[in-house]
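Here's the structure, in structure tokens; my notes come after.
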Amino acid sequence: MVRTGLRISVLVYLTMLLVLPVGIIFVRTFENGIGPVIDALSTAAAMHAFQITVVVSFYAVLANTLFGVTAAILLVRYRFPGKRILNALIDLPLAVSPVIVGLALVLVYGRTTGTGKALAGIGINIIFSIPGMVMATAFVSIPLVVRAVGPVLEEIGDDQEQAATTLGAGPVQTFLRVTLPSIRGALAYGVVLALARSLGEYGAVAVVSGRLVGRTQTVTLLVQERYQNFDQQTAYACAVLLVLTAVLALLISQALRPKELKS
Amino acid sequence: MTSPPNGAGVGLLEEEAPPAPTIALGLRGSRRRRRRSAHQPGRPLTTPGHRGPAIGLGMVVLYMSIIVLIPLSAVVWTSMEDGLGGFWHAVTRPEAWSSLKLTIVASLLVAFINLIMGTATAWLLVRDKLPGRAVLDTLIDLPFALPTIVAGLALLSIYGTNSPVGLNLAYARSGVVVALLFVTLPFVVRTVQPVLLELDREMEEAAASLGASPTKIFLRIILPNIVPAMAAGTALAFARAMSEFGSTVLISGNLPFKTQVASVHIFNQLESDNVTGAAAVATVLLLVSLAVLLGLDLLQRWAARRG
Amino acid sequence: MEFRTGRRRIALVAAGVTAALSLAACASTGGSDAASGDGKAKTVNLSLVAYSTPQAAYEKIIAAFQKTPAGKNVKFTQSYGASGDQSRAVESGLPADYVSFSLETDMTRLTKAGLVAADWNSDEYKGMVTDSVVSIVTRKGNPKQIKTFEDLTKKGVDVITPNPFSSGSARWNIMGIYGAETQSGKSEAQATAVLTKVLRNVSVQDESARAALQTFTGGKGDVLIGYENEAIFAKQNGQDIDYVVPDKTLLIENPAAITSNSKHPKEAKAFLDFVHTPEAQKIFAQNGYRPVVKDADTAGQDFPTPSGLFTIQDLGGWDAVATKYFDIDKGIVTEIERSLGVSVEKK
């Protein structure tokens, strides 16, 4: 009885909030057949945008994964002064409005600031260039890997790690041979989530990108521009492309997860 | 010789007979200690000969500083440019105040709904044998991958004036809530799901064989183990709801004092060249979020202690 | 065995992903190299930063410019976005040689920052490159028979207009309504009352003019206050709408200039001059803009001259208007929105 109730309420919830909206996007995209979709995605602008999105998302997700695993282990397994504050600060970036993310990065790394000028002097342009976009994308997805891995680390406990240490393994060896395999599943979920977020980010990236057509225009920026120019077909096609990329990432991650978890 | 234990392959490996002494031996039997005392404070950071963890912390703090802390400090600094009086004025400006109230209330509501429905969804995806849940599983992350404008359009098509399901929630505060529910959907689900997958069934099976009802098993055995994950996900959902911009504008009508969220107000201030005022409202959002995040953390510790 | 297979799987996938990414990265940098390294003559790269609505027009104008002797070896980087955002980006260091905005205050921001010469508007066109007028966009056939801004005060008329605080461009609409009253002899109090009634009928306030247009064409509202060029653009894209140019309405003037820190001032000036030629002005006209050059070819567009056309100068100029009407604490429009909001909040 409870189970049926649970099933029904969750299914209704997911249908209303997930299946219907995503479904209607697919309907709108393919209502004129698959030809126009392929055409829309083969334009130079779309292909450039996809390359830029992939590059930016890759670096942002990579950085956040390295950060996320390290931070999760530190927060769950160790104690140090300021631990609670660090824990709270990690979630904070999500609460920052996208225009403020852009503003914050421009205030510190903009071309008119000391830091910005110094970096420009050695040839590194942050704002209005790919590095700034990577930073903005990383900013908005910082907690995602940490919070996927952390609870699982807490759940499985550190018995195995302690045993390994007792038997003589160093921290790195313990990490690679004991910890990492045990968090593989959660890590996969976290990485896919961070990737999805990085693919779909618009506001923060828009501000720091300079919107240079063909150079710093991500797929989300292209979607916005195409939609505003009454080219709904391309806008929806690009959105579907992002969705399919996220789904592909999830399927790949499921292939990597231990078999027992795929039931 | 069998290979070392794969951390996640518990179910399968535990059914095999323990093999000859390997590094794995002593670990299989006591693999999972059940509810140890709530929060283990953890190991000290520096142990003789092993500086790795300390270096790790240094890198973590450095990363956070470069990407988050220094830029956010710049914003807070900017918000103080007109002094405390100016800060207060910016925050109590009628438009700011109204948008802050709407945003905070909506975000709390959305976080709460996500707590319940997100956990229920994770349960369904992990424990229920429903056919087609693999399909649902692939859909869960999609609200993140969608650009806000497309998300807003999709929601407007379904819950707007020409709603195919007959629900017109657009151009009202309910529209804001729907948009926020959509963009926060994956959070609780994806933090609770991995933990549910890791849960060892031994205790549950033991309790069941002793005659405990499913509800009791859930409340006494399962729930305490997933509370940290639930709290983590809810915190994320709240924080995200506070900052959402694009999709709410499309579905809510963005009327000042009625359906305009704080993010839009901040945007307006920036467009009106009032950077200080914008930074002030953003700082308030940060402070409120920090308070709620710390509150959730405390709540979770308290719940864990009560076991 | 299983452990090692798992490791191998991960290694394979990682290798595949890295390969794919390297391809992507190579392809993008390769592409841009090919674009700029070909010509034997010195290729000059100009950076054009503009607001979003003339994108289609500028793409064609650039192509036409590149066919002229002055533009033969000039390549362009283009950036389009909301007028205020673009102006602020240039102020924070976005490299630009030619800038084009929706309204003068976005240009003034750059003159104050020293990025555009103070005499940018001392030419015969006063620095403007295109014109338009504030118009009323209606459903096909104008079922509610709207002819003037005052008609928008009637009960039951659902009005769409962007938020004047989100979008500088949205301020043209507000001043059009207000100015239509004061320019026909009404007092400020009466004009404020009319504006209040119109704003009371507004059901959606999008963040930009284009977003408001999208809301309207998406089916919401009876009437959209927008620019004539937007209405023409929508019609050209197959939208089922009509528009009315009221007798008393505001002339919209869009400025453009070259930056003072441009690395290629000669070529940038050549482009600015080209934008004022009949050929470029005709391209603008094809996209719905009114040419600023006298007797230019309007490409068959119908640009009616309203009998009561007035300019922002008649209302005091943008600087004064921005302070008097849109100051975030004391502006007249701020007060109106608050009085409407208070009545809403009490519900």
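Every chain is named by a letter (A, B and C) in the order it is written, and numbering of its residues begins at 1.
Note that in this section a residue touches a chain if its C-beta (ideal position, glycine included) is under 8 Å from a C-beta of that chain, and two chains touch if they have at least 3 such contacts.
Worth saying up front: this structure is predicted, and the values here are computed from it rather than measured.
In terms of which chains touch, the assembly is arranged so that all chains touch all other chains.
With chains reduced to the mean position of their C-alpha atoms, the one farthest from chain B is C.
In this view the innermost chain, defined by its CA centroid being closest to the centroid of all protein CA atoms, is A. In this assembly, the C-alpha centroid of chain A lies 32 Å from the C-alpha centroid of chain C. Separating the CA-averaged centres of chain B and chain C is a span of 38 Å.
If each chain is reduced to the centroid of its CA atoms, chain A and chain B end up 14 Å from each other.
Among the residues of chain C, those in touch with two or more other chains are 3, 6, 85, 211. The set of chain B residues that touch two or more partner chains comprises 4, 6, 9, 267, 270.
Looking at chain A, one finds that residues 181, 227, 258 touch two or more other chains. Residues of chain A that touch chain B in their complex: 2-3, 6-7, 9-11, 13-14, 16-22, 24-25, 28, 63, 67, 70-71, 73-74, 76-80, 84, 86-101, 103-105, 107-109, 135, 138-139, 142-144, 147-148, 150-152, 154-160, 163-164, 167, 170-172, 177-179, 181-186, 189-190, 192-193, 196-197, 199-200, 202-203, 219-220, 223-224, 227, 235-236, 239, 242-243, 245-247, 250-251, 257-261. On the side of chain B, the complex with chain C involves touching residues 3-4, 6, 9, 93-95, 98, 156, 160-162, 171, 249-250, 253-258, 260, 264, 267-274, 277. Residues 48, 51-52, 54-55, 58, 106, 110-112, 116, 127-128, 181, 206-207, 210-215, 225, 227-230, 252, 255-256, 258 of chain A are the ones that touch chain C when the two sit in their complex. Residue ranges of chain C in contact with chain A, taken from their complex: 3, 6, 9-10, 13, 21, 24-25, 27-28, 31-32, 52, 55-56, 77-81, 85-86, 89, 92-95, 210-211, 214, 217, 233-234, 237-239. If you check the complex, the residues on chain C that touch chain B are 1-4, 6, 84-85, 88, 109, 163, 165-168, 202-207, 211, 215, 218-220, 326, 328-329, 337-338, 340-342, 344-345.
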